[in-house]
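Labels run A, B and C following the written order; every chain starts at residue 1.
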Amino acid sequence: MGLALLAIIWLITFFSTYFFVAKTWWLPHGASTAALFIDNQFALTYLLMGIIFVAAQGALGLFVWQYRDRAGAPKVEYSHGNTKLEVLWTVLTAVLFVGLNLMGSNVWARERFAPANPGSVPVEVTGMQFAWYFRYPGPDGKFGATSPKLMDPSAGSEAAVGLDTSDPAAKDDVVTGTMYLPVNREVDLRLRAVDVIHSFFVPNMRFKQDAVPGLEIHMHFTPTEVGDYEIACAELCGLGHYKMHGTLKVVSAEDFDKWLVAREAEKQ
Amino acid sequence: MVAQDAHDPHGNNVHVHAAPTGFIRKYIFSLDHKVIGLQYYFLALSAVFVGMFLSLLMRIHMIWPTAVLPLVGEIKPETYLSLLTMHGTIMVFFVLTTAPQGGFGNYFLPIQIGAPDMAFPVLNMLSFWTTFIAFMVILAAFFVTGGAPLHGWTGYAPLSALPSAGPGEQLGADLWIASIAIFCVASLMGALNFITTVLDLRAKGMTMMRMPLTVWSWFVTAILGLLAFGVLLSAGILLLLDRNLGTSFYVPLVVVNGQIMGHKGGSPLLWQHLFWFFGHPEVYIAILPGMGVASQLLSTFSRKPIFGYKAMVYAIMGIGFLGFMVWGHHMFMSGMSPYSAFAFSIMTMAIGVPSAIKTFNWLGTIRGGRVRFQTPMLYAVGFVSLFVSGGLSGPFLAQPVLDIPLHDTAFVVGHFHLIMGVAAIFGMFGGTYYWFPKMFGRMMNERWGRIHFFLTLAGTYAIFMPMHYLGMAAQPRRYSQFTELAYLQPLIPLNRFMTYAAFVTIGAQFIFVINLFWSMFKGPKANDNPWQATTLEWTTATPPPHDNFGGRTPVVNHGPYEYSVPGAPKDYVMQTDPATVTAH
Amino acid sequence: MATLSSTVTVNDPAAKGPKTGDGPGGTQPPVLGGGGGDRGGNGFPDYGQRLRRTRLGLLVGLIASTMVFVSFTSVYVMRRGLPTLDDRTGGYVHDWLQVSLPTGLLLVNTLLLVLSSITVELARRQITRQAALAPLQSIPGVSIGRERNYPWLGATLVLGLGFLTGQWMAWRELAGRGFYLATSPSSSMVYLLTATHAIHLAGGLLVLLYAGATGLLHRAVEGRRIVVDVTAWYWHFMAFVWIYVFALLEFVR
């Protein structure tokens, strides 16, 4: 039975570790400036936890077999513990865990403590049951007013976000269902939610932030590769949660400008 | 009037309350903690089968979203979310907070400290029946118009506060909140009883540092419950007010489907703060008793004292204390201040330290012992393995920057299921096989116990380990199906594998139940101490008499884990053995 | 055949002594000593131990109640300072409306509650003396003189009811001034805090009623003493909570 226990524990450990190491299913391709740092911190954590995982499971399996009760087994070591050893592994664990955390905190600070740099692309992201809308402030650089009274999702994108067309600043606002961003430029996101909590999740950008009704949350990231990326909702928001998705198209700076100009022209 | 030390025996102590007669007083409204413990246990057993059935339906729907099932029919996306909500709520409250503490704790805490019953037997009886009412109320949510709520066991507002935000959010959501509120009251009553009993009813010689680790875990768990459930109750009251009386604690001005709701100025984050201030201690409430059982079993079946008893006690206390300081790690993405996030994340890493200490000490207990592989031990070993696996994904989530890709993905689901949904359950399995002889006077079947163990260990790993891979691949949680996002398509085969594993694993649980009930009537008779264990429950008759010790009050002379003491006549010294047997 | 619990009854000759005070057997001298559990060597309940245990239980229970008031306090403080998004201007504003409290009426209620705390304390001390002297009354030939038994318990009940009535009147007054439960976050908190306290106090009143009833039914004084003692402490705690709530609402506007 000791051998059976050892076998099952070691087998489980082997298979689990195999799929981690083989990266059979893995983090999606990272295409933002944050991705490099996040993935590095992830790799470090994963290496350390992986070593502990294999060591602990290995020891568990080994001990239950090695110390099985059998004829001729050595006498039991009667002991209530070893204080020195306790202190040692407590300190080591604390240093490891807290140290690991502090290393990751730089990345967190860079992503979250400071606002977006000046010159970043302003985009307002609005989440509602069950779609994402993206608003660009247009040439005047100002987001126009929106009003809850004007919100009508059945009447198109501008009505969905409740754009108040009587506000002069709103006249050049572009509202779309697909997000366009220029590559290598930081985006200054303004996240809003209209009804319940949603979460704006772009896996390839290593970006996630809840959109909370009653709050206007500013976040930023910088896409580094042209391409099409999927946006998922990452906070349960109702029956359509699973299909509340969007698309982020990262394009060259010229293509972005062209696209924006074309949208502005459509408004005339 | 001189108050005498409660621990002084004074002649022959007799529990004068005659044992109850009549079916109602003996089995329904019993005041005997042993009967109440069994009532809690069987309530949890019913609840776990309901919860498992719900999860099976969930896993079926994830793979075959359009399937039409017998009895259940087609599962719509909103139904999936109701299944998910009720699965989580029933499992967390009516299984994980009920069986380990209310079930085993009620039955064995008084016996293990040498008391004839809990401090307040009437309150104990009331706390069980209040829990039962709470269970009935939540089951009722399935049957009302609109059905059960779909807002997840975490019930985030405004989704949970707006009846128009989804099907099931009308009466079903009110019943959900009411059930939880009733459960809070029941738990607070139970916590009061446990704490008073440990502080005031220990027998002579049973100092705090001679209590078994099971008792320590029940004690600290009760303290956590005492401090946490009041906050959940408050949160639930505010939610009921928002839903029904027009207040705006949680709901700002919102527009649902083009309709402006009549709320203003509320804060959805307030719900999260209140909920998780309760919610995080709750997960420690779910796991600490299992840790206590694991310690008990590893020591007993390795024939070796627990490695570092004092450190284990401090670790339990440390986990309990720190458990109140980490709630924000559920809210890293919520819009909370990033500076708060940093503070919470340091505290969260800190709580990994006492957990690691316990793991090292468990390994240290086995090492150098003479391990016996009866079924309870298999579960204890399984507990350690599962706790290691589930615990090590914690440091990923504890770092806010890694939480960015992993929050609200299957990674989190794998993390908490391995610990709560399997390790804690293994604690219950182990406790059942271990204490079954004492409760029912018979042994459970060893062979079927082993089969159940191996199938369940392999099966649960097969279901929950892959969730980590899926989470890294950015599969969000609470998605009823994976048909809408292109990047999720390659993940469906693995999900299918997990669903098959779920079928097998859930099927295997019937082995346990059959073994349980069959053995109650047909199992081989057990003697008073079949495991040759040291703690007080094994000194008394099987099953224990009404006052637990047959008219005597035990006097304790030894610590709880005196196995293989050099110079002792047997390889175990019971806590009540005369002091001269060993120096401890 | 498995059984859920043993039906073994205990037969101890010592237990056949005088019945405990639970039935209509009159008062009996409390017996000292005891082990685990609260029964003494002769089968008499150890009231001293039971009192201590019940007080400990109350203390533990009050911690849970405190957590509820702590939660509501943190909601109060947090909501008061919370900037909310103004949908018209798109900016953040503070929308905490000061509630016009009927302070005079609330002060009267506070006085009633403080007085009731005094009367319940007098009731507690009175029954403590009665319980201490009870053994002497069964000794033939000994007279301890007649002690006037003031109806302190009844007075507490009346004052407590007066407080609750006054609170009800305060709510009516608030409504009259236009402050209903859902009017504003601040008014919601006023009702929430005062109602939670009132519910706790009403619970205490019910227990006091029970204590009074057992007195009229001539239950054993030692048992009644425990009920009154513990309820009195609970009552003091609730009076303290009221002063705290009042101060919070009055000074943290």
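Simple rule for what comes next: a residue touches a chain if its C-beta (ideal position, glycine included) is under 8 Å from a C-beta of that chain, and two chains touch if they have at least 3 such contacts.
Just so it is clear, the model here is predicted, and its values are computed rather than measured.
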Remotest chain, chain A as reference, centres from CA atoms: C
Chain nearest the overall C-alpha centroid of the shown protein atoms: B
Inter-chain centre distance, chain A versus chain C - centres from mean C-alpha coordinates, in Å: 50
Cα-centroid distance, chain A relative to chain B, in whole angstrom: 30
Mean-CA-position distance for chain C and chain B (Å): 32
Set of chain B residues in contact with two or more other chains: 252-253, 265-267
Residue numbers of chain A (touch at least two other chains): 148, 214-215
Touching two or more other chains - residues of chain C: 84-85, 87
Touching residues (chain side chain A, partner chain C) in the complex: 145-148, 214-216
List of chain A residues in touch with chain B within their complex: 1-2, 4-5, 8-9, 12, 16, 19-20, 24-28, 34, 37-38, 41-42, 45-46, 49, 52-53, 56-57, 59-60, 63-64, 67-69, 73, 75-83, 85-86, 89-90, 93-94, 97-98, 100-101, 104-105, 107-109, 111-113, 128-129, 148-149, 151-154, 162, 194-197, 199, 201, 203, 206-210, 212-215, 217, 230, 232-243, 245
Contact footprint of chain A on chain B as seen in their complex: 76-78, 81, 150-152, 156, 158-159, 162, 165-167, 251-258, 260, 265-269, 302-305, 307-311, 333-335, 338-339, 341-342, 345-346, 349-350, 352-353, 356-357, 359-361, 363-364, 366-373, 378, 381, 384-385, 388-389, 392-393, 395-396, 398-402, 404-405, 407-409, 450, 454, 457-458, 461, 465-466, 468-470, 472-474, 476-482, 484-487, 491, 494, 563-566, 571
Touching residues on chain C, where the partner in the complex is chain A: 84-85, 87-88, 90
Footprint of chain B on chain C - complex, ascending: 1-10, 12, 14-15, 20, 30, 32-37, 39-41, 43, 46-49, 52-53, 56-57, 60-61, 63-68, 70-72, 75, 78-79, 82, 84-85, 87, 95, 132, 181-182, 185, 188, 192
